[in-house]
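Down below are the structures I want you to see.
In the two complexes below, chain A is the common chain; its partner is chain B in one and chain C in the other.
Then we have the complex of A and B:
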């Protein structure tokens, strides 16, 4: 047992625990129960760090033979790590007890009686601390054991746990699907605020363990029959045909997917449909930004400008009214275009604005481009809310009474109908992105992204393709803005509606899923938008989670959850150019000598 | 290939100086706008005219704001000089400092200590602010920059943006998302007569502090061993490490110094504006970055000059240019001024006022 390592791991686990408590996550999530009354989301947050610390600190050595004999000492190390992390939290609790909760609370607003109650399990502070230390030690040991198990055993356990937690978190979605299909759900969810039933959770766990194991056996057999090549998952965008005649598997998959997509809002009910609509908007925005960042490699932090353009121009084109202190007034310019025509027009306008914004920043390098586009986004927001342009955009109060898009009497503002509108636009955007990916334009973007100078030298007109990326990304983003206007029925740029956070959220969606990956955008939007939207407790922690997602992804898995293979190679490549000191970098050196703190002294 | 078809069609446009022509037109347009705007503002009828004293006060205000920008801008400039990346989370380092000193300030104000022992109080506030800022800056370097120093350029950029959000979320979770009143010592509450114009005392203190800090930094970078190794690393990281300089330590030191200055700026800013909050770092951060670019990123004097200039532009600019056109509440557009300055500098003189032509950025 490596004592230093253990203590370090324990300290880190403990720091995470204390952080989760201080930042308020534990307190906020203490009323979200996952399983029965005994496991809340807060409990899960407290359980994970010791388990992870125990698992990470006992990463098994390469020799497989040794592992079994080491199991006991491994568990010991894990338990020690868990013990240390629990001890850190316990010391924190003791400090709060000694100083007095009211004094602490004046600085750390999240240290509430509710938090202390959660941490002490209704016991006294010292009793709770004891429970936490012992529990953390047990969890650390469990984590270490899990880690040292062979993969065949570990995988089903992890999958089963994830399935149970996911079902617990989706307690507002799954029951209504059960109800619509009139399936008995009492065994799993009794009432929709109390999480899973304990027995139900157990059944789900065993089921997913069984399924995982079954799938593994099946895969093992088919892999043996068909040879190793077939076991590889198909690459994104690669058509399955040409393998064995008619791609029946593919056809079935597409049909199932289509039916599921169409039926989802009917199954899940209006509340979930509303969330799905929001997810859809972000899928749209993500696909647009994916063209700019993922395909063309231009980091745009002002993407929200296009969303705002889409929303406001849609409102103005279809006829809306200024919201003033005296009620609704006619704006300076208001037309009455058909909403669907307006959507198309808005995309055109946004594309033009993309060209206008893109033109001056063409020659800027990565980080400068990011900050300048950030500036453009802020300029858009400030102008929209300013008193100066109030007669057009309504200033801080905004525009109201926006026309709903409708076919006959089928209005799209209703959440279940809105879903279909967004779905249609998303499918369009997916189609465009998919066709672009390997087209001549897509390849030009790839070349440009990988090395702009080389691309230029081989005849790719970087100016044109950069502008094209801005225009296309902007057009798709403005579609998102337009449907957003339809959804809300009124617009106001005050607050954060069109703030920089929107741009960063879309960026997080793209990054989480994987730069340049279409499926990634969808996964990213589901995880980062859909899940928080269904958990009302989440709202305050958006910033935290998006920030953490961006950092963790870039540090641990820059290619994203559902990576695009080419992008993966680029992102994992180590850039040595900054450290090389041979000929090619002479220019860089000159730059360094001219601008830097040195500049004034060395000249 | 893609461009060969386009190349034929656009044959005659190749080599034609489109860019230069457009830039010249833009420059002329802006010049005309500035001239007409200022002329109309200055020739407004007496009832609406802004009197000379107001202009002077706006300028002083701008200088004080600019001094804060300058202090933050130094952090951007130093890090850029060493790492060639923009530290997107530097605004949050500044914010962290403000929170670090806030709890002392609040406690001192409550007990009356703040006014009884003003010097001790201010020293404690500065120290606590600097300590927290330096801590956050160092942590930032270790977590968000060092592991990705050799990754493609977009990677550290995104980790920094993530770190910035994460810090905002953390501070709003720790201390609450709302704005808090920051106490101001009584002695700084008043005004001084300066050349016949009344000037707020805080403004003068802020300005003087900035001057001292910049001078100290100049001395540090030019004369001390650590400062010299910083310059060496900025000059060439690889060679510097061959000469026995611990590059990792120098980078860390650079972040720490940036944090130190941001901590000073945080106390000054909080005392001037009287309120702090977890999202206070964003706009000053962007403005300070603009200041660094304006002055020539990488240059210490440039950051100071750029900060002061930008401060004045922000406070005077909207009134001078827009009042003449009867734009209501021009101060709302001060951030538009910031970003326009940023874009224009990058367009016309990417090396900034004091920097020399930089190839790397283009």
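Then we have the complex of A and C:
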């Protein structure tokens, strides 16, 4: 047992616990039940830090590519870490008790009687503290045990737990899906505010464990059938090319996904559809920014400019604003462009603006580029709200009465319809990103990101590909802006609508999901935009959590939640490639010595 | 008409005269070695030729036309490829992808072609892959097979040098500039590379200019040797002529005559 590590882990876990209490997250979530009445979201927040601290402190070492199984005694380390975490919180509670809750509350507003009641479980302060310390120790030990288990045991447990928690958090969404499908839901959700039924949660857990295990067996079998040469576990998304025949698994997955995507708004109802629409907008923005930042490696902090361009130009093209703004009773020309044509035009305009913005910053890199683009974003926002351009953009009042896109009488402003519009555009953007990624253009971008000067010397015109990245990113981002305009029906750049926070949020989506990863952008948008949208209590903590999430990600998992395969290899799978290499080296030496008399030496 | 014609090129960095009125001519099909002590301006010549630096004075001609003022990628497109003294790969791209980037300037698919996947684009993509593999296969089994899908940073330092050369060859150059290609190689690898350089000319018809410190390699490959010191050419001729030259010996202060042979 390593005392220093234990203390450090305990201190970190404890600090997180105290922090969560002090900012009010625990108090706010104490009435959001996840399972029955015994696990609330607040409870989850208290459970997680000791588990994570315990797990982190007993991180198994990878030596020479071999993961060493940890001895059971390391659970002790975890327990000690958890104990320390709990102790920090308990000391905090003790201080509150000694000083008096009213005095503390004058500084730390969130230290409310409700919070103390949550923390003490209805016991006295000292009893509650004792429970917390013992509980934290147990949780830390559990975390350590979980970490030291072999993957095939750990994975189902984690998946099951995540499934249960997810269903608990989505308690406003999932029941309505059940109702629409007229499936009996009493076993899982009896009344919507009280989270999952305990037995239901247990069933969900066991089901997910079973499914995970089943999938693993299936995969193991297909890997064996593929021959001993492919004994390495199949890397996801790595080798679809080499496989022969019809990949039925893939087909089934795509069909299921397609059906789910199409059916989702009908099942989940308008509220969820609205959230999904917002998520979709951010997926579009994220995919666009992903081209600029993820593929080409150009840090753009003024991305919101393209969103604004998309929204405003859509409004101008489809409406009669331009004409009426100049005070002409009789329009010189009608600008009532068809909304779908307008969307395409807007993308073209945004691409041009991308070139215009890109040209002056071609020589800038990294920090300098970020600062300049930040300036561009602000300029865009100020111009849109300025009195100077008021006749065109409506100044602070903005533009109203934006034409809804519609096919026949099927208007897309309705949340459930809007979802389909966004979905279509997202699919388009995904397709474009995916095709570009593995093309000559994608390689040029990657090369430029890796080393700009060398890419230039290897024959890649960095000027052209930087501009192309800005143009492509801008075009896709403007699509997000255009549908945003459709969704709202009126625009105003005052307030934060097109502020720098949007740029930062999109960047957070891209980074959290994984730079350069298409699936990452989708997951990032679901987590950062969708979850807070569905958990209304969460709203005021949104930015707090963004910040924390980004910090943790950058420190612990810089490649993102669903990393780009290249960047995964870059950051994590060095071991595996090293193993493969050393394995192949023997064969290689044999070949080398046959071919070349010089033989050995490529080490 | 010589393939490469560097005339009176000067390059200053602040007060430092890295190149001082330098003339270098290279004919088609030659292998020319550039030697000289550290700081003599050898790499600077490469940087000027490849367009990374603009010369302060003088002119660089390639196939009879001036290439001064072109961007590095334009120079590469015209047919001059180079490697770097301290290997610069794209470390997080695979070995094959590194070489495929080399084919970039010999292909033309645009956004539309790439997104839609036109037959022309797919043919081109196949061609890029084939030619990149060809370039890699120049080094026999060294960069072949499973290594092609390995990330470049996982290669040994020697294989990184080989990959850098393969990437340069994948740009289908007329003239190849190699900057200390044997740096960090052990004696047997150095010998192997010596033969490789000769093969570059004999098999691929490349003209090669190589900056080299290892005199075995210089002696083994060079049709002509050019010695630099202080940004100027101090000797030029066959290996033996240059090795005998008083000023060269003086420039390599402390190096005994016998060792240069």
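Rule of thumb we're sticking to: the second predicted complex is superposed on the first by the 487 of 603 C-alpha atoms of A that agree within 3 Å, B and C clash if a C-alpha of one lies under 4 Å from a C-alpha of the other, contacts with A are read in each partner's own complex, and residues count from 1 in each chain.
The rule is simple: a contact is a pair of C-beta atoms (placed from the backbone, for glycine too) under 8 Å apart; a residue touches a chain by one contact, two chains touch by 3 or more.
These figures come from a predicted structure and were not determined experimentally.
By the touch criterion defined above, A:182 lies against neither chain B nor chain C after alignment on the C-alpha atoms of chain A. By the document's definition of touching, of the two partners only chain C reaches A:472; chain B does not.
Chain A has more of its residues touched by B than by the other of chain B and chain C.
After overlaying the two complexes on the shared chain, residue contacts for A:444 are found with chain B and with chain C alike.
Contacts of A:459 after superposition on the shared chain: both chain B and chain C are touched.
Of the two partner chains placed around the shared chain by superposition, neither chain B nor chain C is touched by A:37. When the shared chain is aligned, chain B comes close enough to touch A:540, but chain C does not.
Legend: residue contacts after superposition of the two complexes on their common chain; A:409 is shown touching neither chain B nor chain C.
Of the residues of chain A, those at positions 440-441, 443-444, 458-461, 570, 574, 578, 580-581, 588, 591-592, 595-596, 598-602 touch chain B in one of the two structures and chain C in the other. Residue ranges on chain B touching chain A, taken from their complex, read 1-4, 6-7, 22, 26, 77-78, 81-82, 84-86, 88, 103, 143-144, 147-159, 161-170, 172-177, 221-222, 227, 230-232, 234-239, 282, 286, 289, 296-301, 322, 327-330, 332-333, 335-336, 338-340, 342-343, 346-347, 351, 355-362. Interface residues of chain A facing chain B in the complex, by the touch rule stated above, are 19, 22-25, 107-110, 297, 299, 301, 359-361, 363-368, 370-372, 374-376, 378-379, 382-383, 385-388, 390, 440-441, 443-444, 458-461, 464-465, 500, 504, 507-508, 511, 540-552, 554-555, 558, 570-571, 573-576, 578-581, 587-602. Within the complex formed with chain A, the residues of chain C that make contact are 50-52, 71-74, 76-77, 81-82, 84, 88-93, 97, 100-102, 104-107, 109-111, 114-117, 121, 124-125, 128, 140-142, 145-147, 150-151, 154, 156, 158-159, 167-168, 171, 186, 188-189, 191-192. Per the touch definition, chain A reaches chain C in the complex via residues 431-432, 435-436, 439-444, 446-447, 450-451, 453-463, 468, 472, 566-567, 569-570, 574, 577-578, 580-581, 584, 588, 591-592, 595-596, 598-603.
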